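First chain A sits with chain B, and in the next complex the same chain sits with chain C.
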Partner chain A sequence: MQNKRRERIDRGIKVRTDGLYAISSFKEIMYLVFPRLLLIGGFLLLPIVLELAPYWKRVINILCVYAIIAISFDFLANFVGLVCLGGGLFVGVGGYFSAILNSYLKIPIFFSIPLSALLGGIFCTLLFLPCLKLRGVYFAIVTLMYPLLFTRIIEALNILGGTNGITGLDSFPNQHIENYLIILILLIILFGLRRLVNEDIGLVMRAVKDNDQSVKASGINVTYIKSIAVFIASFIGCLSGAYLAHLYMWAGLSLFSLDFSILPIAAVTVGGGGSIVGAVVGSLILVPLSEFLRFFGTFRIVIYSLILVLFLVLKSEGIMIYLTRKYHQFERWVDV
Partner chain B sequence: MSILVVENLTKSFGGLKALNAVSFEVKEGEVFGIIGPNGSGKTTLINCITGFLKVNSGKVFYRGKDITGLPPHKIALMGITRTFQIMRPYYSLPAFKNLIVPLWSKRATKLGGWRGGGKHGDRDTVAVDILEEIGFERDSKVPYKPASVLPTGYLKRLELARCLALRPDVIFCDEIFSGLSVSEIAGLLPLIEKLKIEGVTLIMVEHRLKELFKVADRVMALQFGEKIAEGDYKDVIEHPKVKEAYLGSEEV
Partner chain C sequence: MLEVTNLMVFYENMLAINNVTLTAKKGSIVGVFGSNSAGKSTLMYSISGIILDIKKKEAMKGGERITVFGKVIFDSKDITNLLPHERAKMGIVLCPERRRIFPESSVLENLKIGAYLDKRNEKKNLEYVLNIFPRLKDHLNRQGGFLSGGEQQMLAIGRALMASPSVLLLDEPLLGLSPYYQKIVVDSIKDIKATKNITVIVAEQYARPIIPVIDYGYIIENGSSVLEGTSESLLNNPDVKSAYFGV
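Coming up: the complex of A and B.
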């Protein structure tokens, strides 16, 4: 029997758009810009399109929050090599900081959100500092423990509102600001991080993931690089947490919930790890899906898991990786 | 003048003494060879000097300064770098981007990489320059290919290139000739001569004695973590204890 093998060839236009020649014709510019425009335009139009369905406009906010946490997970796991299950910690810390600043200290909303992201980022980095020497699953376990720890501390000591949480946070002036603020934050983080991982410091981070021993031999303090990366990830995580607290006008124990640690990982798995934008695409699929499945009541978690398993089995590389390949290359069967 | 002085270095793993009171000196600008059968503690010696392992006792002086127990990156910043026996490139990055890491370090941003380039953020060009010097053809696609697809010969060179990018004073080469063909080694030898002329001190751990003979000024032999001979290559090779270590003793 004649054996056949699939051969992948770069499209001519992909080769032409690699360098400066990308700007030589409109077609080539569009080849590069179109996927980005689709994403940006799509996100900006989403609240307008969904004007007729107010409930879904609120889903957008949650979707963006999950997408941001998923980006932070993807960044740490696939570019620095730290598998961090502390999404719940970032959201909780950010939310509580924002609640303290806004509800107790009366700092206006548009200052309390960035300020609590900054303070929360520093706080989380300090928490992670002792365990940065850990690798792989050991780091994951420690980071998974932190949100559980904080829940118990707040419960047991009855501080920061105890089990009731802190209420009375300022809400956003109107729903448009609510929508567009988080969409803009998401887009800035998305394109900012994509830029960062290709800058020199981003390359050093990727080198730490590949082989930290030879980074040490190159005269770079690996712990310092890791702590910068953790600060960036926890900063954006806390930013989304602060936003969420203001969206609910309440900061409570559920901000530390494991959902914020687990769902972003599922989103990265579905969307495709190591591309950053995959995290956003994954959230775009999973968050609305989980809303749709509310019709099924308690049965929803079964269907949800089933879909996840199907994704893992059929397209384990992730949708975004698959689509990127299809966009840049074509395939043909050749004889071996 | 001795650039590196090692005094009574001892390292044990549990009950096993991997290094037992090893002392030697390396002069500035020379090529110093370390030979010994498998398991004699050559790589452990490198790991101890460059800070990757903590020593049990003994001292290491670099230009008269005690560097024992410093973390590896601090020792690297002083100008002591190393290659790894099992190559450790950054597989997800293109070959020339591998050199961005040492070029980004404090030492290279202050002094510049090899021959002073890369101070002003022009790291990509400097990286390709270094790769060309070390045998990557500039006009070919090789420097731009991901490290994961490069053959062993190139990866060994990449290890050395990563050291050069840090503008080192001392390079520990952990078996850079192993796994290379004769012609590939012949390509590396002039490079080592060139480094010697530029005043870089090289400490080479080798199994390939014939090739080491061509470049080494002095050689030290280790067995079971102990120094058994030191001196000119010929003297060491003819030393009865070295012969015994490699070939076994005569009276069985």
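Coming up: the complex of A and C.
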């Protein structure tokens, strides 16, 4: 009996386009660029396509916010090795900063968003500095505790508007700016981070994830590298938080909610960790899904959880990793 | 008696083991020699069944596809598709490369974990292990991770012995050991065979200390078995001499 096995082979075009000759033909340029164009074009067309469904245009904003937080989680977890459940903290800190800047100090909206992202990034990095030594589940627990801590502080001391939150933030001039601002931010962060993790500092970060002792032995300050990574991640998170506060025209305790910590993790797991695009793809699936399921009332969470479980059990590698493989490789049966 | 017939293992498209056939008679010492990347560890994983576990994990995370062909037969039963824990229950116990002891458990606890499959003979086995490795006796309550490399290797072999194996697979038992410790380990292999009548399969790069004690040996290069023979025939083979003894 002749044994047969399934063989995976890189497509010829992949082998060729990986090299210098990618510019030699239109087909090969498209092979490299098409997936990226699809994503960019798709996102840019989304508000136009949904022009007739104003409710879903709001969903796009939320989707992008979740995607950005998921990217920040994916970056920290799979490229630096810090499992950070602080999505809620980033959103809350960013939101409150922009509320203070815009509502109290009357700084215009397009300055308050970047400024609060910067301040929030510094603030969160300082908070995390003492626990950068921690690894794995210990770091996760600390980062999970911070949002709860801030919720209770604001509640108990009745500062920053207390349980009512800060109201009276400026809204965006019109809905197109609202849509396209967050889409552009998402795309810039997505491609920027993908570039960053392949730069020198990205290599060092991945090395820290694999084996921080060897990195120390190479004469690199691990805490410094980690704090840079945490700053980048919290900057991104705070940016989306500031945007969200302006979208709701309100910064309240619900910005610290656990949703912002947990849902991005689910998105990364569904989309495939370690690819950054996976976080976006995961959010593209999970956020609309959760909106669709509102139709089912209280059963929503049940169906949502079941779908999530099915995803994880059947395709635990993540959709994006699976698709990338199918795109670059084909399979055939060969004789052994 | 353990038989491996026409074993082929692919890591994705790379052929790690090519048509290897190996026989280990009951109560003999079989040596598998080869340089790095020859396929020794893969062979060990295939015999102990760990390869099925690695295969599953790789498939889960979308990594390399591992394909295994051929048969592993133990006591005239086909165990090719048995999971590692089922093979361990049948008596095929692996002492893995780089020891893989439990660094935060004490030496005694490490040995007790090994005895999980054969609680009845725990005392007898413990006595035997401490008898062949007297150095472990002084460190019984020490954390495994704080032992020296040589002591960790003894502990790893001891832990495997606590399961009362009938086939003991040693993957690179001499890795990073000084000649003194190498001698202790090689002596223990001889003793295990002589007193317990356990089949031992040793995969090793350093052939010089091991070849004199084996009954039958295989030389593996790039996944294929290129030479086999008894201890004397390997010792006197000019190719082996030049490649492994530097003569």
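In the analysis below, the second predicted complex is superposed on the first by the 329 of 336 C-alpha atoms of A that agree within 3 Å, B and C clash if a C-alpha of one lies under 4 Å from a C-alpha of the other, contacts with A are read in each partner's own complex, and residues count from 1 in each chain.
FYI, a contact is a pair of C-beta atoms (placed from the backbone, for glycine too) under 8 Å apart; a residue touches a chain by one contact, two chains touch by 3 or more.
Because the structure is a prediction, the values reported are computed rather than measured.
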Requested in this report: May I ask you to name which of chain B and chain C touches more residues of chain A?
Outcome: B
Query raised in the report: Can A:Val33 be said to touch chain B (first), chain C (second), both, or neither?
Result: neither
Report task. Please work out whether A:Val336 is in contact with chain B alone, chain C alone, both, or neither, and reply first, second, both or neither. Result -> second
Query raised in the report: Does chain B (first) or chain C (second) touch A:Leu310, or do both, or does neither?
Result: neither
Query - Partner chain(s) touched by A:Asp200 [first = chain B, second = chain C, both, neither] - result: first
**Report entry** Touched partner set for A:Glu7, first chain B, second chain C, both or neither
**Finding:** second
Requested in this report: Based on the superposed arrangement, let me know which partner A:Gln213 touches: chain B (first), chain C (second), both, or neither?
Outcome: first
Query raised in the report: What is the contact status of A:Gly318 with respect to chain B (first) and chain C (second): first, second, both, or neither?
Result: second
**Report entry** Residues of chain B defined as touching chain A within the complex
**Finding:** 50, 52, 71-73, 76-77, 81-82, 84, 88-93, 97-98, 100-108, 121, 123, 162-163, 165-166
Query raised in the report: Quick one: in the complex, what on chain C touches chain A?
Result: 8, 10, 12-13, 60-62, 65, 67, 69
**Report entry** Interfacial residue positions of chain A with respect to chain C in the complex
**Finding:** 3, 5-9, 272, 316-318, 321-322, 325, 336
Query raised in the report: Which of the residues in chain A come into contact with chain B in the complex?
Result: 200-201, 203-204, 206-207, 209-211, 213-222
